[in-house]
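Structure first, commentary second.
Order of writing sets the chain letters: A, B, C, D and E. Residues in each chain are counted from 1.
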Amino acid sequence: MRSENELIELLNRDLNLLSVKKLRKQNISIRLENEELVSGLNYLKSHSYIHLATISCVDWIEDNQFELIYHLFSYEDKISLSVKTKINRQKSRFVTIKNLWGVAKYYERDIHDFFGIKFTGNDNMDELILENWNEIPPMRKDFKTRQYVDKKYDWRQYHGQE
Amino acid sequence: MNNKYESNKWQEVINWVQKRSLFMLHYCTGCGAIELPPTMTSRYDMSRFGIGPAATPRQADILLITGYLSTKTLRRVIYTYEQMQDPKFVMGFGSCTINGGMYWDSYNTIKQLDKYIPVDLYIAGCMPRPEAILEGFLKLKEKIETGNADGYKKYNKEYETYKKNQEKVLGEVKRRQ
Amino acid sequence: MILNIFGFLMMAFSAMALGLLFIGIARKVVARVQKRIGPPFYQPYLDVLKLFTKNSITHGFIFDFGAIMAFGGMITTLFFVPVGPFVLYGMNGTLLLVIYLMAVAYLGMAMATVGSGNPLASVGISRALTQMLGYELPFIVVLLTLIYSSNTSSIIGIVQAQQSGFMNWNLINIPIGTAVAFIALLGLMGKKPFDAPVAPSEIASGPVVEHGGKYLAFIMLQHAVSVVVKTALFVDLFLGGGNNIFIFIVKMLIVWLLAALIGSIFPRFKVEEGVLFYWRWPLIAALLQAVIIIF
Amino acid sequence: MSKDKSSIFSPAVSFKNLFKKPETIKVPEENKKTAKRYRGFHINDLDKCIGCGTCSKICDNKAIKMVELENVKTELGQRNERPKIDYGRCCWCGLCVDICTTGSLQFTQDYTYINHDAESFSYIPDNKNINKIESAIGYERDQDSELLDLYRIEMQELDAESRVQSFMEIVKGFSKKQAEKEASRCVECDICTEACPASMNIPEYIRGIYDEDLEESLKQIYEDNPLPEVCGRICTHNCESICSISHRGEAVSIRWLKRYAVDNVDLAEYNKILGTEKIHQVDKKVAIIGAGPAGLSAAHYLKLMGYQITVFEAESKAGGMMRYGIPEYRLPYDKLDKDINYIKNLGVEFKFNIRIGKDISLSDIKKEYDAVFAATGLHNGRSTRIPGTENNNVYQAIYLLKQITKGEEIPLTKKIVVIGGGNVAMDIARSLARLQKKKYGQVNVLVTSLETEDIMPADQEEIEEAREEGVDFEPGRGPKEIIVSEDGSISQICTNCCVSVFDDDMNFNPTFDDQDIQNYECDMVVEAIGQAGDNSYIDDNYDIKYEGPRIKVNDKQQTSLPWLFAGGDIVRGPDVINGIKTGHNAAQGIDEFLKN
Amino acid sequence: MGKSKRTEMFFGPNHPGVPGNYGINYFYEGDTVVSAEPNPGHLHRGFEKLMEEREWIKNTPLVCRICVMEPDINEMVYAMSFEAIGEIKIPKRAAYIRSIILELARIQAHIFSIGGNCGAIGLYTAMQWGVLTRDYILDIFEEITGGRVYHIYIRPGGVRHDIEDVTLQKILDLLNDLENNRMPEFQKLIFENPIAQKRWKNTAVLNQEDALSLGVTGPALRATGLEHDVRKLMPYAAYDQVDFKVPTGEDGDAWTRLKLKKDEIFQSIKIIRQLVNNIPAGPVSLNLGNALKYKIPAGEAYVKIESSRGEYGYYVVSDGGLKPYRVHVRGTSTPLGLYGVETLLPGCRIEDVPVWAHSLGICPPEFDR
């Protein structure tokens, strides 16, 4: 069982961190280079961070970047660790981690559905949640749901009872 | 198909029978479905009115649209509706079926159910309480008895309009009988 | 001849009416176990009538033929089972004939299933046929024991052998066999825990998945008749039959409600578990009973 | 695994239910009563509702639309709009009920509405819900579910003891944090805009403060008001008295927020922010008579349109009543100068110490200018004309205030009575209190007014503050006679009880009860019962129409003489914000007039 | 009759056995599933997008719709992430009330789930009773919050209303009824039912290794012998104030999970009793100002709580504006409902597929979102 500070020390020693932040009690977030993410996750997995809660993606449209956040948890340390990395928004391609966690396959597919990010090595990138989607991936910030809705559906015009 | 119901008296008898026995398709299309179990089971027990669940669309009389319909579900609902045998009735649960409800600005849900399939009754609520659902069933029975629950006739008559609306949101819809 | 045909029709319609009534009463009773009020007892009549008013869709000739065969098979069975004083055919050997005829209904269903081409239906019917293997074995053993002990294979003969009083009922004579037969009856009627063929939550009501409207009405009537046939058979064989139709019906109702109640508190077996179940304790018990009777 | 108990007979226990009453509720014959707090259909008290539209803003689903109704009350601060609720959208979350500014919107316990017609699911709730029935009230807001911020940030002020010592400004103003917190209280209902005589974009500039974007605030403010430093201090703030938050809590401090916004932008930045570094010039000349709020406002807006503006002012400094009527502790002169300087910077020409009709005649001006805007204001005091007012020690507030501003010595005695219940009475009473404190070390000022305290026209806070500073009040009393002792000095003022101020038609027509007489000792009396203007400069050459005592103008401030526009207190008011509005109006009118 | 032939089956979305509007497409040979693929998305409403479009307060009515079985956890975890980013500390009484609500919701969800599991194997009486029992808990909810299913009760800064003493007493009465009357009935009918045991034992087995690598949490993980519960690992609300055990099992099959759920109901009853008896006086909410103008500083939080099915997490990013910049929902059953179908379902019998889905707590709305 490590404390937050011990963990930060350990990570600083063994990993090439871009930044590390203690968000709050039992919550730490670290940032890694693209190339070092898989090896970093591998390292963490072998250091009791075996629980991959989910993979989040954030569209920082102003910085022209996508941020991928891998939420890990260690049952030993009882620390929730967010591992982040940023990728170019135009390239929108990253490597899969399905060899570390098989379940990541579906998380990645989900992200592909909603952000249009492809994951090299994960070959099944069919639509998972959406069906016949041919617009900008909906969770990107430049997809405007109101405009899309106005175009595709229409509102009920109430009359009478005035 | 309506030719054989020419005689009014005969039609009245048919309506009377149909109203007393309704099979409801057990299809949870949205969150309103969570109030169906209480309606079906001991606390409210809709079987008192001769309404029971049916496992397949072929056997069902009522299609309940329990709230929002994503486009993906809409496709299945259209299949299901077309598989059901006349006479068939559709009830829309809650806000989402009327004008989009909570998901009025969602890119993936339809806003007005009656553009895609005819709806015989709407129940207000988000979601409607079991009591309201039961009252809805009673009202539907009234409508059936007076012969006003004719959404399915409308569907046959205005099939092309419905088809156009369906295809506007879904693209091509594979149809099967 | 005309009288005969009239008798057939009367018999068939009464059996349907009685069967639907039984189903209605069972629904009501089961509802009470489930702490609710339940539908009115006449609900099944309305259901059937309603289904006849509905449009229905066919899936080809085999589908139609299968449905008729299932219904017809069950009606035919009815003519060979004495219901109280009403006996149409009472010749020797009817017991085995009845067992055979009952399978015809299933075959009809199987044909309809093939006609509909729905995988759920085919899973259902294959389960039904598999399950038949299960319950028929102990049931036949018990029946053979019964034929042996009554010295006749005619149902009427077996009924007559029990006429001289309660102590002569086969229930008393071959109690273990009766119990085994009752368990087999549950399977025969497709009551829980042996309702895997129609399990709604697994295969969406199985064989009848594609039946709608009038077809479903026929299936429901067939079911109603089968309730009458099967309970009547059981009453005939083990509960002393009856010359008084009312007493006979009460006996049938007791058997039927007992089955319904058991169904209300048990989940269903998986189909092979069901078969294995039949081949284990009921079969052993049936054989044991046979040994006791024969020796 | 073997430890799990199992028995074929255990489940049979369930059969006991065969002999028990089913637990089913027989809907519809016996309906279960919903919980008291159930969120059923909406009802709305149409009289209480002010049409602020906050419910529509908080609604997650755009289920609430404000629609105009004809048969609802529309007093000031009420709009004729009422919420129309779409049950094709509503999710019964109750945020609208929680936030309703008046508490008119409520839930009932009724929840069943079934219809085949989807169009019928939208309705305007009144005291009956969608089923057209009255039903028991369901869910109600309590202090925990409150979504409004009902209480304002307390403004830091000098305490009574130290403020009575000098003419230092009392109100300290908001800090950044305070201002943002206060700005966050606004629900942006826009009702204040309707109540503001100048129709300022109040929600927009408050939003600017909340968004930490003071430049935006300044822009919004200058749309309608070129004297924000003044208005941020001494505006009569009609907006606050009808603020929708004030129905259940305290109004947003709109005035202080405006003050915060302008106080915190440097004058040097104004031109850049407001985009007035370069103004397109038009070759037409406009004369403005009077550099009060109306005159300055008109000068500002006309200047922005490019006209050549000359302002004639009788006094030596611009500001009019704002400078000479309002004491410094309410409006420091440097703040007033900031506003005026900005207008000066725009290129407006000021000619001081020129009294129209005396130093220059109106016809002279007319010759030289294409249009004239007259905003000469009300500079003469009114007298009660009761016996004794001819005494030397009876003064009129308006002159005293001007003298104080100019730094002249004013007569002062130890016991002073002020007659009047308006803000001018407060101003003079409090100024006198300060002077008394300085000279004698104690305050002895008594204010008598016809109105009782609840209907006194002065601001409540003014009265409170005056009281704290040691001013005494005898409201509800009419002056009857000033009793002059034999040596010619005032000894007492005799008052009688005022029974009512207005008659049934709401006209000023006080009635008195002569049985109830009170005398107060005093040696000086100040009358502050209103002011009068002097329009004599519009001499007989001009045939101008009047409407009662005021000059008749159309909605663009144009008088019956097309080239002459009038505004300010001589037309409407008297207050600053109306002056600004009429000035702005006149600017538009003059622009139209000159373009044609 | 289709034996030993590879046949495709569309299990759901329109099928009585699926838990909600969700599909599994599988191939079967004989009676055994050989390969399976999830077919989710029928309930996709684009919640995450909608939440980016709405002000902070307006999301409170929205979030509870994400999981209809147990809406309160969504409200809770959303409020918690708001409070974590804004560094807001809620009053103590509010924390207690939140815990009470969450535990009631847990009981409700467990009972419903037990009922659903019984429905999957055909024990309809138990299903009827399960729903009936749940309804009495909903009555309590209605009294506290004003809504039966969607409560919209836990909001940033506390809870929306205080609970009156009368209602607290009603909760205790309900728990007594549950403990003394209804649970023993379930015990007899379900847990001592030999056929039910036969159906559940060794069915839908999930071993510890798979559970950990999939990221499965909650009863499904605890049924494999690990005592992992977010309430203990990262205590929130008032869970550090109460004494309770985390039940575990060993076999990891449907039966163990169901027994665990039953045990957890008793633990929850115990927790609620402690909370009700020790509830401190005081305010139940903080006034965060005008709801239209809630603003929290820029920041992020991954907050998780223990739902009836396991870890429920929200990743919320704020850019300091009036609306959340990004909300990502980690529904509990996401790993099982998607990847689990592909890896764990093959080898399962057709008739066990509904048991599999129900006992592992597949809840489609939370991964469709």
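Assume a residue touches a chain if its C-beta (ideal position, glycine included) is under 8 Å from a C-beta of that chain, and two chains touch if they have at least 3 such contacts.
It should be emphasised that the depicted structure is a prediction, and the values quoted were computed from it without experimental measurement.
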| item | value |
| --- | --- |
| Chain whose mean Cα position lies farthest from chain C | D |
| Central chain (distance from its CA mean to the mean of all protein CA atoms) | E |
| Result of counting contacting C-beta pairs for A-B and B-E, higher pair | B-E |
| Relative to chain B, chain with the most remote C-alpha centre | D |
| Separation of mean Cα positions, chain E and chain C [Å, integer] | 43 |
| Geometric centre distance via CA averages, chain E-chain D, whole Å | 53 |
| Distance from the mean Cα position of chain C to that of chain A, given in whole angstrom | 59 |
| Intercentroid distance (Cα basis), chain D paired with chain C, Å | 87 |
| Multi-partner residues of chain E (each touching 2 or more other chains) | 15-16, 41, 44, 46, 49-50, 53, 61-62, 125, 128-129, 132, 150, 189, 193, 368 |
| Shared interface positions of chain C, touching two or more other chains | 31, 33-37, 200, 204, 264-266 |
| Chain D, residues touching no fewer than two other chains | 11, 14, 22-24, 26, 60, 86, 88, 91-92, 118 |
| Touching chain combinations (by label order) | A-B, A-D, A-E, B-C, B-D, B-E, C-D, C-E, D-E |
| Complex contacts: residues of chain A adjacent to chain B | 130-132, 135, 138, 143, 145-146, 148-149, 152-156 |
| Partner chain E, residues of chain D touching it in the complex | 1, 4-8, 10-11, 13-14, 23, 34-39, 54, 57-58, 60, 91-95, 98-99, 107, 138-139, 142, 144-149, 181, 184-188, 210 |
| Of all residues in chain E, those that touch chain C in their complex | 1-3, 7-9, 15-17, 31, 118-125, 128-129, 132, 189, 193, 195-196, 198-199, 349-354 |
| Touching residues on chain D, where the partner in the complex is chain A | 67, 86, 88, 118-120, 122-124 |
| Chain B partner contacts - residues on chain C that touch it in the complex | 27, 31, 34-40, 43, 46-47, 49-50, 53-57, 200, 204-205, 208-213, 216 |
